[in-house]
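Next up: some structures, all given as structure tokens.
After this come two complexes, each holding subunit A, first together with subunit B and then together with subunit C.
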Partner chain A sequence: MATTALKTTSLSAVEFLVAEICRGSKDIATTHDARYKHVEAIGYRTGLALFESHSACISEAKKNMRFQGELDVIKYLCKDMWQVIFQKQIDNLRTNHKGVYVLHDNQHPMLTHLPRTIPIDENVQLLLAYPCGVIKGGLAALGITASVSAEITALPACKFNLDVRRA
Partner chain B sequence: MKISGVAIVGRQNEPLLLRTSEAQPPCEPIEHIIYAALDVVDDHALLSAKKSTPDALKFYLGALYPLEDGKCYGYLVNTKIKFFIITQSQAHSDQDVQSIFQQLHSEYVRMACSPFFKQDAPITSAKYVRFVDSLLASGS
Partner chain C sequence: MAMTSSNNGSGGIGGGGCYFVIVSANDKPLYEQSFGNAAPAQDDKRDESKHLHQFIAHSALDAVDQQLWKSKDMYLKVVDRFNEWMVSAYVTPSKTRFLLVHDMKADDVIKGFFQDVHELYTKALANPLLRADARITSPRFHSRMDVLLRRFHT
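On to the complex of A and B.
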């Protein structure tokens, strides 16, 4: 039986699209918070559909197998999903084993083309709303509710803070 | 293989789709069968969190429990969506049942990728319902 094959697109197309979504959000919302939410919601929808379709066939060995626990899911996000979306893996994953995860990305594709001297203001922050939404939506698809925020340390490095709320 | 019912249950154990064969409905109301089957699925999910054997983590859960005139099979995927098949006769090869589940799942994924798909809402997609009905009809 044929499994749903993953369709691919070039990374630059994703970069341009996200940049355009961020720019276009100015016409839709006036405040920064509303714009951030708008871009994040688009990412959320992407994550939801992407994880739904991709989590069935990660690899031949893990075909039609479930994840074992939360850490397994986060590892899958860092290794496989980041590869699918950004063609690179998360460089460093830290956790306190109590539901807080910090994902370090030393060369985030959304930030690599920015000049190093640019001040880190809310417009730069907005570029990371999309990946935040993807993470949030993806985890929601796998049954984990998390609050996600991004932090820019030094361009083009950034880190994502995941707080998984326990029921 | 004669399939008398197909059910899909969501993340919070809410029914998303319940379809029974008109010619040969299951011996009990499908809601009752699935209600009992969900307990067995929960058991499997708890077990797989503790054990790490590859078999415990498979989507396909096998026959959950026997009915008067058939069996109830279960399939639990990563996104916590549960698929159930209720068959008419007792003996089926796991492979046959598994391949039907895989079809159900891959069609579900195709539907979930549609921009108009609503998460956690009862399935209204005519295409998907038609697909499920074709499964019910093909066996009888």
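On to the complex of A and C.
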């Protein structure tokens, strides 16, 4: 049987698609919170499916290995998954080893095309709802429940705050 | 149960049949399939063995969890035994478990079998209409599983 490999697509296609999802959410929900939740939910289900199928693929290369704990999964997210989705890796990962992780992305694809000087309002924050959802869903697929929020530090850099809640 | 052992050099599970089940991370069975059991015995005996296999697999889940702590691999080999039946297990990164109840030791063959099932399972999971913890009912999945089971049973 042929080995499964994830199909690749152009990052631009994803960028513009997500931007449209964000714009389209205005028709679906009236408040910013509701829109954010809507886009995040889309990202969640995407992340769920993506991580599930990708973790099956890399297994060929990593020869039958599973993840050894939380940090392993987070590192996999930062290196392998970020590479697959956004064609780059997370630039910096900080943790307090007690369940809080901060992922620094100095050039996030969702933010690269924005002019540097615009005010960071709700519309801009909505763009990051999708990657937040992807992270949340991906971690859930690998057995980790976490709350994820994003902060824009200085366009196009942002950071994602992960808080692993133990159920 | 008749023990028609087809123990040829090329390996195979053979013997009196086997039972395969996919268990989700939330302990819900997603797919089950029995194979073999070419017993010409009365119907009672055959029905019983099917329930017996389910019982064996279910109780092996605890053993699988224990093995997870000890091993880093996805393939856990034989995790539990019951009389002449052995249970081999394989766990995916998303904690879905594949259990095989069989009566012949064939580590390598079973490992290859599990890896093929994993690929098939990943493809089945890509179906956007499949809900979490729902049974996999696709006829194509079923027929591909049949082929895999057949190949590794002989």
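Here, the second predicted complex is superposed on the first by the 160 of 167 C-alpha atoms of A that agree within 3 Å, B and C clash if a C-alpha of one lies under 4 Å from a C-alpha of the other, contacts with A are read in each partner's own complex, and residues count from 1 in each chain.
To be clear about the criterion, a residue touches a chain if its C-beta (ideal position, glycine included) is under 8 Å from a C-beta of that chain, and two chains touch if they have at least 3 such contacts.
Please read these numbers as outputs of a predicted model, since none were measured by experiment.
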| item | value |
| --- | --- |
| Superposition on subunit A - do subunit B and subunit C clash or fit | clash |
| Subunit B versus subunit C as contact partner of A:13, first or second or both or neither | neither |
| Touched partner set for A:69, first subunit B, second subunit C, both or neither | first |
| Intersection of subunit A interface sets (partners subunit B, subunit C) | 1, 3-4, 49, 51-53, 55-56, 64-68, 141-143 |
| Partner subunit B, residues of subunit A touching it in the complex | 1-4, 45, 48-49, 51-53, 55-56, 64-69, 141-143 |
| Residues on subunit A engaged by subunit C in the complex (per definition of touch) | 1, 3-4, 49, 51-53, 55-57, 59, 64-68, 141-143 |
| Subunit A-facing residues of subunit C, complex | 25, 68, 72-75, 91-95, 116, 118-123, 125-126, 128 |
| List of subunit B residues in touch with subunit A within their complex | 11, 48-49, 52, 54, 57-60, 76-80, 99, 102-103, 105-106, 109-110, 112-113, 115, 117, 119 |
